[in-house]
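What follows is subunit A paired twice: with subunit B in the first complex and subunit C in the second.
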Partner chain A sequence: MPHDHSDHDHPHALLPPEPALRVKALETLLTRKGLIDPAALDEIIDTYENRIGPRNGAEVVARAWSDPDFRAALLEDATAVVAEMGFFGRQGEHMVAVENTDELHNIVVCTLCSCYPWPLLGIPPGWYKSDAYRARVVREPRKVLAEFGVELPEETAVRVWDSTAEVRYLVIPQRPAGSEGLDVDALSDLVTRDSMIGTGLAKAP
Partner chain B sequence: MTRVHDMGGRFGDGTVTPEDEDVIFHADWHPRALALTLATGALGKWNIDVSRHARECLSPTDYARFSYYEKWIAGVADMLVARGVVTREELAGMADPTSSPLAEKTLKAQQVAGVLARGGPADRPSDIVPLFAPGDGVVTRKQPENTIVPGGHTRLPAYAAGAKGRVLRLHGTHVLPDSNAHDLGEAPEPLYAVAFPASELWAHPEHPRDEVVLDLWQSYLEAP
Partner chain C sequence: MSAPEPAFEAPWHAQLFALTVHLNESGLFDWPFWADRFGATLARHGLARELNGGEDYFNAWLETLETLLIDAGHARPGDLRALRDGWETAYLSTPHGDPVHLKAGQSV
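Showing the complex of A and B:
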C-alpha cells in the first residue's frame, strides 16, 4: 500500500505503513525488550470483549427505574453508587448520572478525543469516535438524533455534555410506557447502549 | 491557534452512522492496539494528559487520515521514543532490541484486573479556593490556548472560548491537564460543569432552550 508520511520527524513514521503490521511490529519490539507480556494483552482484550460492556450500565438504569432511593442516590453520587455494584476503574473514576425527562434530553460526547464511561458502557462505538459525531452533536444535536431515528418533542430542551475533563457521564433514559410491573432484569433488556449516551431512547417492552 | 483534534462545531463531516451494540472492534488489530496502549501506559513513563497531547501532536494530515486506533499507536510510538524507552533505530527495525531497565514494571496478566480497577482518579486536594458556585455566571478565556506552554495541551475547545455560561456544579479539585501534559506538575484546581446556551455558541442554534455543558477548570474562567 503506498504511503506518504507527511511528517518524517515523528518516530511513528518509522513503523511499517500498514496499521496491522505497525501494531505487530510494536508489540514484537516491546516484547523483545521485555516491556510487554503478550498474555497481559490477551487479558485486557478479554476484559473489554467479554466482561465490561453496556449491560453494566443497563443494570444501573434498570435499578434507577425500579427503586426511587437508588435513583436519588445515583443522581447524588453516581461514582459511589455504581462502585457498590462493582462498576469502577479506568475511564469511570468520576461518574455523574444525568436523567432524561419530558423537559430535558441529555446527550454525551467528547469533542476533543473520545472520552467515554468504560466501566459502564465498555469500548465506545465507532460513531462515537467519528469526526462527524464529535464535530456535529454540539452544534446540531437534533439533526444527529434524527440520524439515529430519534425525534424529540418541541417542548424538550437538549443538553449536550462535552466530556472535556475526567468526569464521565451516564444518561438515564426515560422509562418506556408499558414497562410497569417488569422486574429489573426485564427492564435492563429495554436499556440500549445508545439510550445511555443519549442518541437513542429505551426500547418499548 | 487550535489543533485539528479540536473539531467541535466543524462543518463538512457528513452523517453519523449508528451501529449494533455487539460490534466492539472493527478489525483484528484494533483490540491489540488498545491493549498495547494500555500495557505501555502501565510502564509509568507518561500520564493520560501526556498521551492525549501526543495524539494531538500528530500532524493535521496524519490526524485526519489515521483511524482511531492508528492515532493511539502513533502516539505510543512517539512517546516511547521521546521518553527514551525505545530508540528510533529499534522502532525502524534497524537495530537489535536491547532489554529495557524498565522491564521490572512490565504489566503481567495477573495484574491486569487490578490496574484496570484502580484506573487513574484525577481528583486531588488543592489549596485553590473555588471562586464560583452553582448558578454563578462565568466567561471562558478568549483564546482556547494553553497559557503556560505555547502551543501546549488544553481542554478548552475553540467553540467555547470567550463564551458566557453559568456554573451547574462543582466537581471538586482535579489535576490541570495544561500543566500535567507537560510534566509541570498536577496543579490541581477547582473543576466545574458550565452550561452555555446554544445561542451563545452558534449562529444558528437549533432550539432556543438547547445548551452545551463543558467541564472547565477554574483558570479557564473569569467572572463576567
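Showing the complex of A and C:
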C-alpha cells in the first residue's frame, strides 16, 4: 500500500480508498444539482452513530417483561406502542414484536438485503448483513445459533422471520431467571442487541 | 448492554448510507424500490463468492446507488468518473494535514 495510514510524514493528504472517492463524486454531483443538503447527511450520520441504538429496543423489552398490559399491547401492535415511546421513523413504519417462550425461539433475518428495525436497534451489525448469516440462518438455524453460543432444548421450536422493506421484527427474549424484583432500568441492562435479533439470550442478572 | 460497536466500519460507509437515506427522504425513490435493487445487486455479487457484511456489502450498496441514479437520469457515468478523478487529484496535490477541496473549475 503506497498510502499507509500510519505515515504522518506523507507529503500529501492520504488518498481515501477507491469506493470512498466514488462516494465523494456522488456527493459532489448531487450537491451541485441541489438534490442533497450536505448538512442533512451529517445529521443522519450523527443520529445513527450516536443517538439511536439497541438501548431503545432494550427499554421496550424491559417494559414488556415488567408490565403485562404493555406486553399484550406490544404483541398486538408494536408499531403504535413503540411510537408512543418515541421510537418511530425510518425503517420503523411497520414493526412486529415476536416473543420467545419455552416452546418457541424466534430469529430475525433479511434474506433480501438487511432490513432491520432502525428506530429500536440502530444500524445492523456486520454479521447480520453477511451472506453467511443471511443464507444459513434459514437453512440451519440451530447450527447458526450454536455458533452464537446459543444451545436450545430439543423441544424448543425455532422460527425464522424474514424481514422486508415493509415489515421489521423485534424479538422479545425470555426474561432471565433471577431477575425478579428488578426495575425496568436494571432489566434493560440484561437485554442485548443479539437477544432482540434472536441470536442471543438475555443476560443473567 | 455489551460495549457498543461502531455503527459504521469506515467513514465512506456512513457517508453512503446517509446519502441514500437522504435521497429516499427527499422523495427520489421509496425504500422498497431501493431494497429490491440493492437485494438484486447483493444476489448478483454473491454468485461469485460469499459476501461479508462490511466492505462487500457497501460496495454492492455503492454500485446500486450509482446505477439507480444513472438509470433515473440524475447522473452520467462520465461525470461521476471525472469527479472521482478530480477528488483523487485534489488529495494527491493537497499538503498533508490541510483540508482537501475539489479544484475550482472541476466542473461537470
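The rule we apply is simple: the second predicted complex is superposed on the first by the 186 of 205 C-alpha atoms of A that agree within 3 Å, B and C clash if a C-alpha of one lies under 4 Å from a C-alpha of the other, contacts with A are read in each partner's own complex, and residues count from 1 in each chain.
Keep in mind that, in the parts below, a residue touches a chain if its C-beta (ideal position, glycine included) is under 8 Å from a C-beta of that chain, and two chains touch if they have at least 3 such contacts.
Small disclaimer: the values here were computed from a predicted structure and weren't measured.
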item	value
Superposition on subunit A - do subunit B and subunit C clash or fit	clash
Subunit B versus subunit C as contact partner of A:K143, first or second or both or neither	first
Per-residue contact with subunit A, leading partner among subunit C and subunit B	B
Touched partner set for A:A132, first subunit B, second subunit C, both or neither	both
Partner chain(s) touched by A:L112 [first = subunit B, second = subunit C, both, neither]	both
Contacts of A:V191 with subunit B and subunit C, given as first, second, both or neither	second
First (subunit B), second (subunit C), both or neither touched by A:H94	first
Touched partner set for A:P17, first subunit B, second subunit C, both or neither	second
Contacts of A:R32 with subunit B and subunit C, given as first, second, both or neither	both
Subunit B versus subunit C as contact partner of A:T164, first or second or both or neither	both
Subunit B and subunit C contact sites that coincide on subunit A, given as residue numbers	10-12, 14-15, 19-20, 22-27, 29-30, 32-33, 35-37, 40-42, 44-45, 48-49, 53-54, 90-91, 112-114, 122-123, 125-127, 129-133, 164-166, 192-193
Residues of subunit B defined as touching subunit A within the complex	5-11, 13-19, 21, 23-29, 31-36, 38-40, 43, 48, 52, 55, 58-59, 61-62, 64, 67-70, 73-78, 80-82, 85-86, 88, 90-93, 97-100, 102-103, 106-109, 111-113, 115-123, 155-157, 159-160, 169, 171, 174-175, 177, 191, 193, 195, 201-202, 206-207, 209-217
Touching residues on subunit A, where the partner in the complex is subunit B	5-7, 10-12, 14-15, 19-20, 22-27, 29-30, 32-37, 39-45, 47-49, 53-54, 88-94, 96, 109, 111-114, 122-123, 125-127, 129-144, 147-149, 154, 157-167, 192-194, 199
Subunit C-touching residues of subunit A, taken from the complex the two chains share	8-17, 19-30, 32-33, 35-37, 40-42, 44-45, 48-49, 53-55, 58, 90-91, 112-115, 122-133, 164-166, 189, 191-193
Touching residues (chain side subunit C, partner subunit A) in the complex	1-2, 4-12, 14-19, 21-23, 25-26, 28, 31-32, 34-36, 38-39, 42, 46, 50-54, 57-59, 62, 65-66, 69, 74-75, 79-81, 83-84, 86-88, 91-98, 100, 102, 108
